[in-house]
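The structures considered in this document are given below.
Here come two complexes built around subunit A, the first alongside subunit B, the second alongside subunit C.
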Partner chain A sequence: MQNFKIERDGETATVFAAGDICASSAPELRPAMRDLVKSGVRRLVFDLAQTSMLDSTGIGLLLATFNSMRGVGGEFSVVRASDEILDLLESMRINQHFPVSGR
Partner chain B sequence: MTSAQSGDSMWQQMQMTRRLPATLSDVETFCRELRATVFAAMPPRECFVVELVLREALTNAVLHGVNQDDRRSIECEVEMISGGIILRVRDDGEGFDWRTRLKEMPRSLAESGRGLEILRRYCAEVRFNDAGNGVELIRTFDDGRQQEAVEGDNDAELQN
Partner chain C sequence: MAGLDDDVVQEYLAECLEHLNGIESELLLMEQDGAEVDDLRVNKVFRAAHSIKGGAGFFDFNNIRNLAHKTENVLDLIRSRRLVATSGVVNALLLAFDRLREMIGDPAASEHADLSAILSGLESLTVSSLPAESKDLPHRAMQIRTGEKQARVSATEFDFDAARKSGQSIYLIEYDLVHDVQRQGKAPLEVMKSLMTYGRLLDTAFDLDSAGTLDDEPSNTLLLQVLYATCVDTDLIDVATGGARDRIWKVDRTGACQAIAEEAVSVDEPTPTAAAQQPAAIVEPQSAKTAADIPGTSAADSPSSGNAPAAAGANVETTVRLHVTLLDSLMNLAGELVLCRNQLSDAVARRDQTMIQAASQSISVVTSDVQQTVMRTRMQPVGNLFQKFTRFVRDAARKLGKQVRLVIEANDVELDKTIIEGLSDPLSHMVRNAVDHGLESAEARAAAGKASEGAVFLRAWHEAGLVVVEIADDGRGLDAEKLAASAVKKGLISAETARGMSAEEKLDLIFLPGFSTAERVSDLSGRGVGMDVVKTNLDRLGGKLEIHSEPGQGSSFRVKLPLTLAIIPSLLVSAGEERVAIPLGNVQKLIRIAPEDVASRIESVGNARVLTLQDALVPLIDLSSALAVDGDAGGSGASQTRAAGAMSIVLLSGGAYRYGLIVERLHETMEIVVKPLGRRLKHLRQYAGATILGDGCVALILDAAGVASVEGLLTDNVSRQIAETARFGAADTHQLLLFHNSPEESCALPLHAVARVEKIRPNQVEVVAGRRSMQYRGRSLPLATLADTAQVSALPLDDRLVVVVLETARGTLGLLAAQPVDVIEADLNVDPLAERQAGIIGSAIVRGRTTLVLDSFELAEAALPERTPEQRKGAETAFKTTVLVVDDSGCLRQQTASQLASAGFTVLTAADGEEAWQTLEARGQEIQLVITDVDMPRLDGLQLTRRIRGDRRCAYLPVIMLTSLGREEDLKRGKAAGATAYCLKLDRDRLLDTVHDVMANAVPAGRRESAGLRELARNVSEMTGHAAPCLSARGETK
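Right after this comes the complex of A and B.
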């Protein structure tokens, strides 16, 4: 159900996730995020411009990816989140851990 | 089963009950269906929040209530009320100790355990039945986030 695309430029990777990042779809993204970190990505951007829904499992995916990046001294950020997702991440204090910006 | 009555607002008086197979893909399909139909009449923020809390309740029932046993099912009821919506989700599992869980907060970098916090944050009321296998969520459209209450409920509808 989840469509995602990864653009890589050296140590930087941008993940474009279209649709929902939820309990039914987030688990399939986890291995891909792990592989990016293992392959040397040190700056990872999650672009949510096409993401309409993010639930607690999706938040878990973002935190897991952030934790992995932090473990290797890398950077992680979320960009172009919808107003609703931005509000969710802020109200859950997720933006205290990594930069989160809206559309 | 879906029923709607005539009156001031057909939307406000709508009530539907659905029994789903206990799988995450069925939860996904059901939520997408509601987004395109019932929830589509709401403002974008309310559409997002109502779908979010419903997803959390349904996912919790599938994952923790019946351990993704697809031979079992989850019952969901959606009831539009004036100024808000009531969502009821129930599974036939053994339930969980919601009284203890509600006292626990996930570690700030924990990768799971935020479902209940989302329910509490966005719903005016979150009521579990005694067994912990049924929950009633009330979302007040205008100021649901300012009214937080979590309590047990002895409503017969949610009892085994």
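Right after this comes the complex of A and C.
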């Protein structure tokens, strides 16, 4: 079952990840993200409105996506993170790499 | 998080509050000291913040910890002379401590508090308030190196300093999120949270390379470096942080790292002198992130600043600190008592009269010692209370843009704890008045040749066994003439009265209810509480208030207070078998009226009686009926019986009341020990407490203000109006509906009980299950005849049949009667019937005919079964009552309005008191009830209520005040303002009940819309075929 949805508008794509971004969902998300970058997306937004949890693998995925986007000169951001996720990302100062905003 | 009810947590919270006590004055002194700040002082405040932080971290109160921490940082800067305690800095600190106190008061909610503004305010202080050249010094980033490698995290010298000062070490921890966290089954958030519990994150940085890109295989490592300051020791650091021991380094103040795994010899802690030196390791100065402005530091935009004036009077302390010697002497006395008891029981056993006497003597000595010592435990210095005003005055002055100096002179004067607590609110009010109204602006002062800085004095001293507390200012003083003019303008006194008043009496005008409410709507003053309330509150404390004023030189308010309230001199009086104690402080006069003078000096208005006293009219309250005890002359015949004998009246006066209490007997005065009433009796506002008399009987202590409000003597205004009506109105004139029962029996009902009169046909009357009823306006209307309850002739059911629709507390009732029907205004002299009959008050001569005067309540009681509240709600609203709902919240107003509308009321609404007043002015005739919120812009609920009470057109209009849960203050103020009842906001069930209760108990006369009366008159005249007599619009007053 697909746990995420992608809305694409030209070079911009928004990924809506439902449930957790974690070790079990990453294998599915990862190739999808790769395809997006390959197909010329230069603005990638992770919408975490439906995301309840982020584990280490999930963080790794976000960073890898950011690294890939940076490699092609694109932008990456995370929006609508829950308070908990926002706390986590901010305490890790991940927001000094890419913009992170809450709900 | 540890449970909030946990003893340890409670102890911590109590301790925090203790730490916070006195902080305010220390901070203010710091502000005064400025650059010359006293280390000891800063240390004291610092320690407070520090201990709060420590405990908060332990119990997981993160917000409290963060705020305390940031506060501590600022204090540290002040301590190290890198920041001057300017008024801006102190303000931010004051706000921060306010907030801490708030959060500690409600730790459960503290976690959800939004502290961003205040935190960034404090944070920016550490930078912005520094002298320009040193600004970036503490924020210079230091590089952290592990061996030759440079760490991705960095910290500022400031961080290092702060950590060192709080005894923390700094560690560099490199986590592999995959290895150390994921594979250990932990969530990253968990790890970060536990880090924040034991210390402080200085910086965090990912090794982005370790994450790889999407093209790479999912990486097996994800490196996160954390720079961490904590008190945790090296040997436990891996356990505390969950990091791998081989990837944790201890960082010294040069930025060099030493792996803890190989830390055999501990790294030298930097010596304090090293702090002054420039660290050698600084490679490139980076300006750290700082907020550009200082949000949250100005008093105006802080959410808590609105509460600031209340802070002085806020919390009542539940614990007392005592000197050990005092406890020791109590302990000794307890020992003495035991000895005395032994002596006594021995003596009793031996029946040795001499020994018994000796024992009794020593017991009496020990008892008075105990009494004195215990009293001393309750004594607290007034100075402590005064100190709270330092902040209060400072904030008020800032807000008003005035320069004000507070001078405190208390010289160890002590007062009973209860008095000190009760003094807080009235003092706040008077101090606020002094700053707001008493003192002139700096310009005006300069123009008057005074120093631009105004002074407010708080003084306390002993005088003749009392304590005098004085609130004085050197401002413009009170202008007696202006006060008098203003009172005349507001209709509180007549111009004639004003002319006859002495200057002192004119000054006392500010205590009149309704005086200090109008026009003053500055942010600080004029929020509803007038000087009348201040006076009432002081009365409760047994305080007497005096005003002195020297125009142009300033004014002073002196409060004379007893040392304690626990033992008070009282007058004992009796009502029936009951003896009641009246605190002497409330007693103004004792009056005895000789039997022959009773008739000339006592006048009645309806049920109310007034006493003529030196040209003034004073309302009277009968103690027996007020306390519902059976007196010698209880019941309705009281006045007649009394008329025969002499009358003893105790004249009571206080803030907003002055009335005579009719008592049966006066006894002696004595000192009584006040015992509080139990919880179950607390709601009885007539009583202030109880005491035990010498003979072992319990006597209740009367609360003079309570009796006045329970008896409906709300303000002087109302009583004055009653009195006026008594003097000028035709006291016994009633509007009556006349009708017949049988053709020979003429009956009358007070018009106010009658809603409508309808002509009906006999066949409209239905009999179901033995009860008569009829269809009336789509409902079933229960019917009764007078013959149902009283021994009168049966009503002939013929074409002269009418139904008189009565609106009663029980519900709506149709009384069957016969034409002719008429409405008259007549003097009524009701004589009791030889034999009492239910439903009939008595007989009177009306238009030369003996007429039965009926009692609508008794009729209803007999005819209508007790209803369930639901039925009541439906049935009683068959007759529309027009309600004015006043609330500034559109949503709440709508909710209340629609609830009432659906219950059948006609609802008018207003968004604030001013609008409500306009509505009352325009449509007052229709409105029978006002339901109002308390806090509203322009004119609040209390002011509105006072205005209603103060206007004779609507003084009797019932007012229900909607209050928030737990706002006891509101209740008190509401009562004082003259509210009829209260209801909790959003308590939908209670609201309807309250409305019904209020409407049932309201004095319906006079307020019944005269439009309605006219309609009724028309309705009658249609039926009778001749024009109804003219109905005056003047309300009848009962």
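Quick note on the criterion: the second predicted complex is superposed on the first by the 101 of 103 C-alpha atoms of A that agree within 3 Å, B and C clash if a C-alpha of one lies under 4 Å from a C-alpha of the other, contacts with A are read in each partner's own complex, and residues count from 1 in each chain.
The criterion applied here is as follows: contacts are C-beta pairs under 8 Å (C-beta built on N, C-alpha and C of every residue); 3 or more make two chains touch, one makes a residue touch a chain.
Since we're looking at a predicted model, the values are computed, not measured.
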After superposition on the shared chain, which partner residues are touched by A:Val45: those of subunit B (first), subunit C (second), both, or neither? neither
Figure out whether A:Val79 sits in contact with subunit B (first) or subunit C (second), or with both, or with neither. neither
Examine A:Ile6 and indicate which partner it touches, taking first as subunit B and second as subunit C; both and neither are also allowed. neither
Counting only touches as set out at the top, which of subunit B and subunit C does A:Gly71 meet: first, second, both, neither? second
Taking the superposition as given, does A:Gly60 touch the first partner, subunit B, the second, subunit C, both, or neither? both
Mind working out whether A:Ser24 is in touch with subunit B, subunit C, both or neither, as first, second, both or neither? first
Per the contact definition in the header, classify A:Met33: touching subunit B only (first), subunit C only (second), both, or neither. second
Find the residues of subunit A that appear in the contact set with subunit B and again in the contact set with subunit C. 23, 53, 55-57, 59-61, 63-64, 66-67, 84-85, 87-88, 91-93, 96-97
Which bits of subunit A are touching subunit C when the two form their complex? 23, 26-27, 30, 33-34, 37, 53-57, 59-61, 63-68, 71, 84-85, 87-88, 91-94, 96-97
Tell me, which parts of subunit A touch subunit B in their complex? 1, 20, 22-25, 52-53, 55-57, 59-61, 63-64, 66-67, 82-85, 87-88, 91-93, 96-97
Can you name the residues of subunit C that touch subunit A in the complex? 177-178, 181-182, 187-189, 192, 195-196, 201, 203-206, 208, 211-216, 218-219, 222, 224
Touching residues (chain side subunit B, partner subunit A) in the complex: 24-25, 27-28, 31, 44-45, 48-49, 51-52, 55-56, 59, 62-63, 108-115, 117-118, 121, 145
